[in-house]
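Quick one: this structure, given as structure tokens, is what I'll be asking you about.
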Amino acid sequence: MGLELTTTRLENAAEWAKLAKQSILDKATNWGRKFSLFTYPFVTACCGMEFMSVAGPKYDIARFGAEFPRFSPRQSDLLMIVGTITEKQGPALKRVFDQMAEPKWVIAFGVCASTGGFYQNYSAMPGADQVIPVDVYIPGCPPRPEQVLDALIMLMDRIQAGRGHSQVRTKREQLVATANDSE
Amino acid sequence: MAQKVLDALTAKWADAIVRTGSAHGDEIVWVKRDSLLDVATWLRDDPAMAFDSPVFCTCIDWLDWHPTGRPPSETWTEDKPRFTVCYQLRSLAHHHRLRVEVELPEHDPRLSSLAGLWPAFNWQERETFDMYGIRFDGHPDLRRIYMYEEFIGYPLRKDYPKEKRQPLVRRDDLIDAPHKAEHK
Amino acid sequence: MPAGVAIAFALGFTCLFTALAVLIGPKATNPDKLKPFECGSEPIGSPRGRYSVRFYQVAILFLVFDIEAAFMYPWAILYKQLSTVTTVINGVSVTGVSVFGFVEMLVFVAILVVALAYVWRKKAIGWD
Amino acid sequence: MPDQSTLKQLVLGRKDVQDLSDEEHALPPDLMTVNMGPSHPAMHGTVRIVLTVDGEKIVKGDVQPGYLHRCFEKESEHATYTQVFPYTDRLNYVSPMINNCGWAMAVEKVLGIYGKVPKRAEYIRVIVSEMSRMTDHLTCIGASAMELGAFTAFLYFLKAREWLYELLETVSGARLTHSYVRVGGVSKDLPAGFDASLTNCLERIDGVIAEVEGLLNNNKIFYDRMSGIGAMTKADAIASGCVGPIARACGVDYDVRRDYPYSVYPELEFDVPVGTSGDCLDRYLVRVEELKQCIRILRQCLKQIPAGPIMIDDHRVALPPKTDAYNTIESMIRHFKHIMDGIRVPAGEAYAFVEGGNGELGFFIVADGTGRPYKAYCRSPSFVHLSTSEQLIKGHLIADVVPIFGMINMIGGECDK
């Protein structure tokens, strides 16, 4: 059928047009999801200090509905990878991501989570997207709290437009399912 | 100030000591490998020495060491010992410091472990083993501490390239799958 | 009648939300998702081993004092009515304040405090 | 892994099934192995403990660090001496300035210009490291209080830490990863009006500390969760290389700033709090007392800081001033050579150490005459303290691992280097 399931890379505009169509129900659910993100803070390194400041009293993340950290992947839908991911941590990250309930989004917090930063060596992984699909990357080492809030708003727009990786994948599966039924 | 430590050491353990020196405020003593354990126990238990506080234990890999501005005799050659394991000790009572160094050849980097004398060296020797491949005999539980078990090789040796990754897990739908290329 | 409406509302809401979650929520199961979550590492040890009996003991004690707290809620709501006494003195109803409501709860709590003292002395609450 | 029965007899003295007398013939429960894995809020995300538990009591804990090993040594062997500063920020990222000063002092020791840094630069180094030490203690106490449920204390201390971050940002340009200190001095002078804002900030922080002390010091829950947990005797502390607040809590009266005075600490008087019983409560009290000492030191520094240059004028070490670098060709070449090849440090090895947030933070450098260190080992206190945690958690409940790890203040970057 040509709809390749594994990667969520959108090769051609036609395919994207089909995916972009959102029913009223989709729009409503995305609106609901957008404003109630429960983060699973996968904190490892120095960005953790900035994550504290973001959750702290001054740059309060609670204003965007994403304040309540849930420390179990079952109850969270936003995985925030905060800090460097080393090769030894890779399997743990992949397992936590797999155990999260759908729909799920991932924010790579800081340049180490996005590309490995200036740790280009045998132990630091060159970015968390070597292991799991990431929706929003935040540059900065550590990023300023304003950057984090800006990234959160960016993620909310992607959720509303239904362009999160997990959303695109489920939409594709539905399209493939409907395509197979219609044959 | 710790000069008298060196004199006491050379007096007591003349045969076990290869040479002594002092650099930038630290007294250093090079000890033969097989008498390290006795010297260390003496350093700890002797009331005049009382080295009760361990500071750190690490290893220097002298591969292709060629210091500029020094006589060519100091550049490293094949026959010279490649590794030097350094133990830094301090005595809180007498307020002096000492660094015990042991030179190990490349083909047999093995020496007796001091984890029994000072518990701090338990993990630091495991780290030195993990990073440089130095075997510590008599260490209660010598296994890798920083790297994962499946890691091959000793990363901090000078001949281990910095960016040689041995990935445990990668995403299968990566466009340019680096780990596939490496494994082929 | 109002109790029925309350129960209906409660059931209605729960069914509505679970149905919504089931219908709208996307489903993607993979083998890793079904494994127990152990802070990101491979689950070790089997949950089937014999548990210490202390877990059960502490759970039951918690249940007792939890229900005690649960009984306080309706009491708190009805506290106003419990402690107002309307006596009729020569044709005029006079409402005075009585301590009936308060004493009633005191008795209830006192009984449980005796139980708590016994349990505390027997060291059933702690773990050692 | 020793089999379960020996473990049980080893620690709890429980008899095995066969030799149980009749009346106590209850079947002892099996030992359960539980994972307190790498991504756990109390484990600061980078330590995995495989706990063998009998019910709630821990029989044996196998602590596995290394989940944040970012190869500080390998990276610094490929970077020039000045380029290593950003790596030192990320070692103990809760008090980055102290790492900078430690590395700068180690390189100065190998260079042989150990005491020749201008007075003003030394004072600035002490000011910024004491501010960094305060953020370290504020974060440690706040986070471990929050892990025990005292969320308000966490938010109060976070507010105080924000003020310090803003001040450090005006000094160095970054909130957390400053890379502010240079070999031979500091990179920039203090901004204008820094004294006024610092004194104002210190008064406010005094108030916040008083508030949180009121909240936590005689709080029954906090007291019960902390006292008697993870106690360590003085001899154990010394033999296992503990230093800093943890050793001082056990009664070891050792502080690098006073016993091996460096920089301008001899001209400042401050006292070193020493605890008695060495349990988590004493570690908390020692850290709170040290916070107050930091404020005292900062106030003295603000009064005694002299004017003057902030960089040693030794051409081997300092960059040429910008005006020369743009006008004369020689300075431009020297500027270029200095940046590209780094400072030429004569061959030699030296170990310099400072009083870090968690204790004695030392750098052991072997230099080979080129601009890049041949070996740069960082003696990290968190790694040593974590090695004692296996003994500390034995015999406690699972819930006691949280305050023990909170008070050890194990920072992933520094522990796994």
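Worth pointing out:
To keep things simple, chains are lettered A, B, C and D as they appear, and every chain counts its residues starting from 1.
Methods note: a contact is a pair of C-beta atoms (placed from the backbone, for glycine too) under 8 Å apart; a residue touches a chain by one contact, two chains touch by 3 or more.
Not measured: the values here are computed from a predicted model.
More contacting C-beta pairs link the chains of A-D than the other of the two pairs A-D and A-C. Nearest to the common centre of all protein CA atoms is the CA centroid of chain D. Look at where the CA atoms of chain A average out and do the same for chain D: the two points lie 32 Å apart. Once the centre of each chain is set as its mean CA position, chain A and chain C turn out to be 37 Å apart.
Between chain C and chain D the centroid-to-centroid distance comes to 44 Å (mean Cα coordinates, whole Å). Averaging C-alpha coordinates per chain places the centre of chain B 24 Å away from that of chain D.
For chain A, the set of residues that touch two or more other chains comprises 88, 91-94, 96, 121-123. Multi-chain contact residues, meaning those touching two or more other chains, occur in chain D at positions 37-40, 66, 69, 71, 74-75.
Residue positions of chain B touching 2 or more other chains: 146-148, 155, 162. Every pair of chains meeting the touch criterion is listed here: A-B, A-C, A-D, B-D, C-D.
Every residue of chain A that touches chain D in the complex is listed here, in rising order: 41-46, 48-50, 52-53, 56-58, 69, 71, 82-84, 86, 88-89, 92-93, 96, 118-119, 121-124, 141-142, 144. Taken together, the chain D residues at the contact with chain A in this complex read 37-41, 44-46, 66-71, 74-75, 86-87, 89-90, 93-94, 139, 143, 155, 158-159, 161-162, 165, 175-177, 412-413.
Residue ranges on chain C touching chain D, taken from their complex, read 38-41, 43-45, 49-55, 127-128. Interface of chain D with chain B (complex): residues 64-66, 69, 71, 73-75, 78, 109-110, 112, 114, 236, 238-241, 243, 252, 254, 259, 344, 346-351, 353, 360, 362, 364, 366, 368-370, 374-375, 377, 379, 383-384, 386-388, 416-417. Note for the complex: chain A touches chain C at residues 25, 29, 72-74, 91-96, 98-99, 101-103, 166-167, 169-170, 173.
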